[in-house]
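Here's a structure for you.
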Amino acid sequence: MDVRTAVGAVELANPVLAASGTFGFGPEYDGLVEVRRLGGVAVKGIAPEPWRGNAPPRVWETPSGLLNSIGLQNPGVEAFVAEDLPYLRQQGATVVVNIIGRTREEYAAVARRLDREAGIHALELNISCPNIKEGGIQFGHDPGAAGAVTAAVKGATRLPVWVKLSPNTHDLAGMARAVADAGADAISAINTLVGMAINLDERRPALGGVTGGLSGPAIRPVAVRAVWEVSQAVDIPVVGIGGIQTAADVLEFLMAGASAVMVGTATFSQPGAMAAIIEALPGVLAHYGFDSVAAAIGAAHPGRWTT
Amino acid sequence: MDVRTAVGAVELANPVLAASGTFGFGPEYDGLVEVRRLGGVAVKGIAPEPWRGNAPPRVWETPSGLLNSIGLQNPGVEAFVAEDLPYLRQQGATVVVNIIGRTREEYAAVARRLDREAGIHALELNISCPNIKEGGIQFGHDPGAAGAVTAAVKGATRLPVWVKLSPNTHDLAGMARAVADAGADAISAINTLVGMAINLDERRPALGGVTGGLSGPAIRPVAVRAVWEVSQAVDIPVVGIGGIQTAADVLEFLMAGASAVMVGTATFSQPGAMAAIIEALPGVLAHYGFDSVAAAIGAAHPGRWTT
Amino acid sequence: MPQFDLPVAERRVPQPEHVELLLEAPALAATLTPGQFAHVWTPGTLRRPISFSRTTPEGWVGLLFRVVGPGTAWLAERRAGDRLDVLAPLGHGFPDPEPGPVLLVGGGVGIPPLFAAAQRWGKTHPVSVILGARSADALVMADDFRALGLHPILTTDDGSVGERGRVSGPVAQWLARQGGGQVMACGPTPMLAAVAQLVGGGRPCWLAYEQRMGCGVGACLACVVPGAGADGRPEWIRVCHDGPVLSSQRLLWPQDA
Amino acid sequence: MPQFDLPVAERRVPQPEHVELLLEAPALAATLTPGQFAHVWTPGTLRRPISFSRTTPEGWVGLLFRVVGPGTAWLAERRAGDRLDVLAPLGHGFPDPEPGPVLLVGGGVGIPPLFAAAQRWGKTHPVSVILGARSADALVMADDFRALGLHPILTTDDGSVGERGRVSGPVAQWLARQGGGQVMACGPTPMLAAVAQLVGGGRPCWLAYEQRMGCGVGACLACVVPGAGADGRPEWIRVCHDGPVLSSQRLLWPQDA
């Protein structure tokens, strides 16, 4: 069974990557996850300077879901390059660096800085994090702004640029076309949905950041539909993200049009989830009549339905 | 314990209403639910003429959620008035008629026709159903169009008009302000999220309508946040909807700013859910230190936090 | 349709992957029509529809199902003494047949409601039974029919028991042999379509249908199948409320829809 | 930090609403530091952090918890022979105390890790114990401390056992009585803040902290509390990875944050 896949020029041994923000910089899961066995690792979002993030509590469990308001705490690009990147490079991991900024220039600055570093395979622009209060948030639902930041980053690096979309918009296809037209090499879909919970005992929002991002199996139908829509709207590859727990879930995203997937929240409950998925994938593909990952990509698209 | 509440001029014996589309026209649950015990009943969306709806399958279970693509099948307003309304009127139910249309005029036509009928307490404009393919869908995320349809309906009826918002937009507050400015008497939040699933065996979308609306506990955090945001953006009351299963869930919506709530998907699994919630509500309010429903409304809003 | 909290009296495993739960429900047993179903609570957002497979002299009712997903897997773990939350009896079952021969055709997990029909009408009508399945280990209740003194004709796709092939062959033979009579069938939709076509318009043909359900009680409009309305125009039929047993005349088949 | 699939050897109910599960885990028992915790799988999206309450000569480790929500309710239903999926040992426990007296202060479900500390250092150091709880039925492990030959001072908010009031009174007395020594504490954050303030800067004061967690291993940055960095500037401390046991000197209290 051939489980190899590619996201544009980035070749992957299998389609399962760790999702940004849920896997730190790799060493945290040492002893539990062998990063070199994964399709790749998307690291926590990196800004030009350190960000402090939001007040705790920062997570709250919901039905089949998780709210988080980490607020993009990160050590900044210099500390990342000095302290975190070497581990991943040495492990031989396929590394996707998720980048964040408050302005177009900040995104480009991180991209430019990382362009000089070995061991990075792609950049992933997080233009969709619902937890930052600054101007950055508008990138997530304004096609013009999203295209402009994509173009700025493309101009600052030779690395492939993936743009990660927010589901908190009615026009995912328009967003996808805007970033594809601006030169994006791939689209990651989706980031978290905006949500919140109330702490009844304390009569206040459960999260320090008040609202947070909803992830986990609860959002899988929203993510599958995003991949479905985006993969038909543009010609660049799509990386599917949202609520994946099993190899069958991976197949659902592949059939919806994803070329690879990322697993986030599932790792918290089961650090071995990605390894288990990778192990089970050949059998699940075979069970549903596919002889490779490639054959499954887009298999449920219109015109390809078998019934 | 005083569990009475009001949505503007509409007084309710308790804050728990049946959500549109999940409770038919009332008699279907005869023997299982006493409609007069409920805060009220929102009936299935009604158009000027019968609508056929989407091809089956029309439902699909997801983690803590449900996808549906009924596609707003309905008998049309004349059949509703002749065949369905009399039962609810005779039961003494508080009746909210959910109305749908493809154009502003169609909404107004239904409203005008219902204005003549006794036993209707409010109209609820569904401008947010993700399952119709016609022009109607734009009402759900375009503040201008939403305001215009609200104004048209207000001009056609003396009944209170509630406008039901879609979460599939980044600007819920803007939508809320637009419909409030156009004269809406209340806002219902939220309708379903757009989602989809793939039937792996058949290699095609699981729903006949391809995409569907996601409901159930999975979406509760999105709904709570919508109520939180809308209730702070406008001065008209908000009816909270999305994933409610228990009296504690109701309290979460009240504290987020809702004056009443609707229960949908939970009724499928447990027809007695609404009755059980109504019975448990006084105890839950007391446990969290409230002496009435009214006291809990907005209790978690900024400036009212106890910690 | 009331809601019951019923103790499991007995759990049987008639075939691998198949479980029959017998529930203590005398009040329900007394009112059941063969072909009616229960909407059974399982964890998650939806209940699961299962046809009643039998009633017993003790006042038990049966639910016989194949384990295909999380809902039926959870049900399969229930043991004697556990309780099930069921809405029942739901929908319309088979109508009382007119005098004359009755053919029961069951495919796979469509067999159970036909056994309930055999229990009801096996003594009052000349009943023939044709049962089909993928293979021997998916063929349920043959012995139960035999215990009623009936002689089911068996077919399997792989020939592992009975005739190799589909039920259509024996059904066509029965129809050719019997001038009149009536047919009751339950099974996969393609099987029902084939039976309906073989029977044609001349004799009553009642089919117990399946469709994905939400509420189970007629409220949500999820479980529709295409039918021909009184005026011949297409209309949606709710399987849960108007069916699950429908006259083949009322249904439009996928190719006609 | 490896992952273990551990059989429950014994289930105890030390108080109503409290359960202690003893897990067969010789390898783990041999490496534990008091104050370290397990991240335990329960149904849902997150694991649950629980401190180790004890090790036993049989090579068992204990998890003692109060039932407060769905996760602990599920754990409370585990029985001997069931298995738990745990990540452990996580975080940093209490450091080996310097020679001299040690005061252990535990509040409510903060008591268990201090019992583990008493097991470890009760023979090598003069150990005093002060335990507090809302009321008698939330006060756990007092007899376990006595079985080690220690004489815990008990306080309850309602005076239903021991002194009425908070632990602060007895802690202040102990501090006044002892010139030096060191303090280890675990309990609700306001209690830890009070203890830290009483101890002041003069003596080592180690606090086992709580915060809502995601991963439990340092990857997600969920479980932060405000601390003072090396340069005195505020920084986030990850309770799961840098703690849960932290020097009171390193923490900024809510009022300073």
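Going by the order they are written in, the chains are A, B, C and D; count residues from 1 in each one.
What we mean here is this: a contact is a pair of C-beta atoms (placed from the backbone, for glycine too) under 8 Å apart; a residue touches a chain by one contact, two chains touch by 3 or more.
What you see is a predicted model, and the numbers here were worked out from it, not measured in a lab.
Via touching contacts only, the remaining chains, with chain B excluded and nothing moved, are grouped as A, D | C. Greatest Cα centroid separation from chain A: this falls to C.
Spacing of chain B relative to chain D, judged by their CA centroids, is 46 angstrom. Annotation: 36 Å between the Cα-based centres of chain A and chain D.
If each chain is reduced to the centroid of its CA atoms, chain C and chain D end up 58 Å from each other. Residue numbers of chain A whose C-beta contacts span two or more other chains: 62, 64-65, 216-217. In chain C, no residue touches two or more other chains.
Judged by the touch criterion defined above, the protein chains link up one after another in an open path, with no loop closing it. Inter-chain contacts, as defined above, occur between A-B, A-D, B-C.
Against chain B, in their complex, chain A makes its touches with residues 62-65, 67, 140-141, 166, 168-170, 193-198, 200-205, 211-212, 214, 216-222, 224-225, 228, 243, 248, 251-252, 255-256, 288, 299-300, 304-307. Against chain C, in their complex, chain B makes its touches with residues 21-24, 28-29, 31-32, 44, 52-53, 56-62, 64-66, 68, 70, 73, 216-217, 265, 267-272. Contact residues of chain C toward chain B in the complex are 1-3, 41, 44-47, 87, 211-225, 236, 241.
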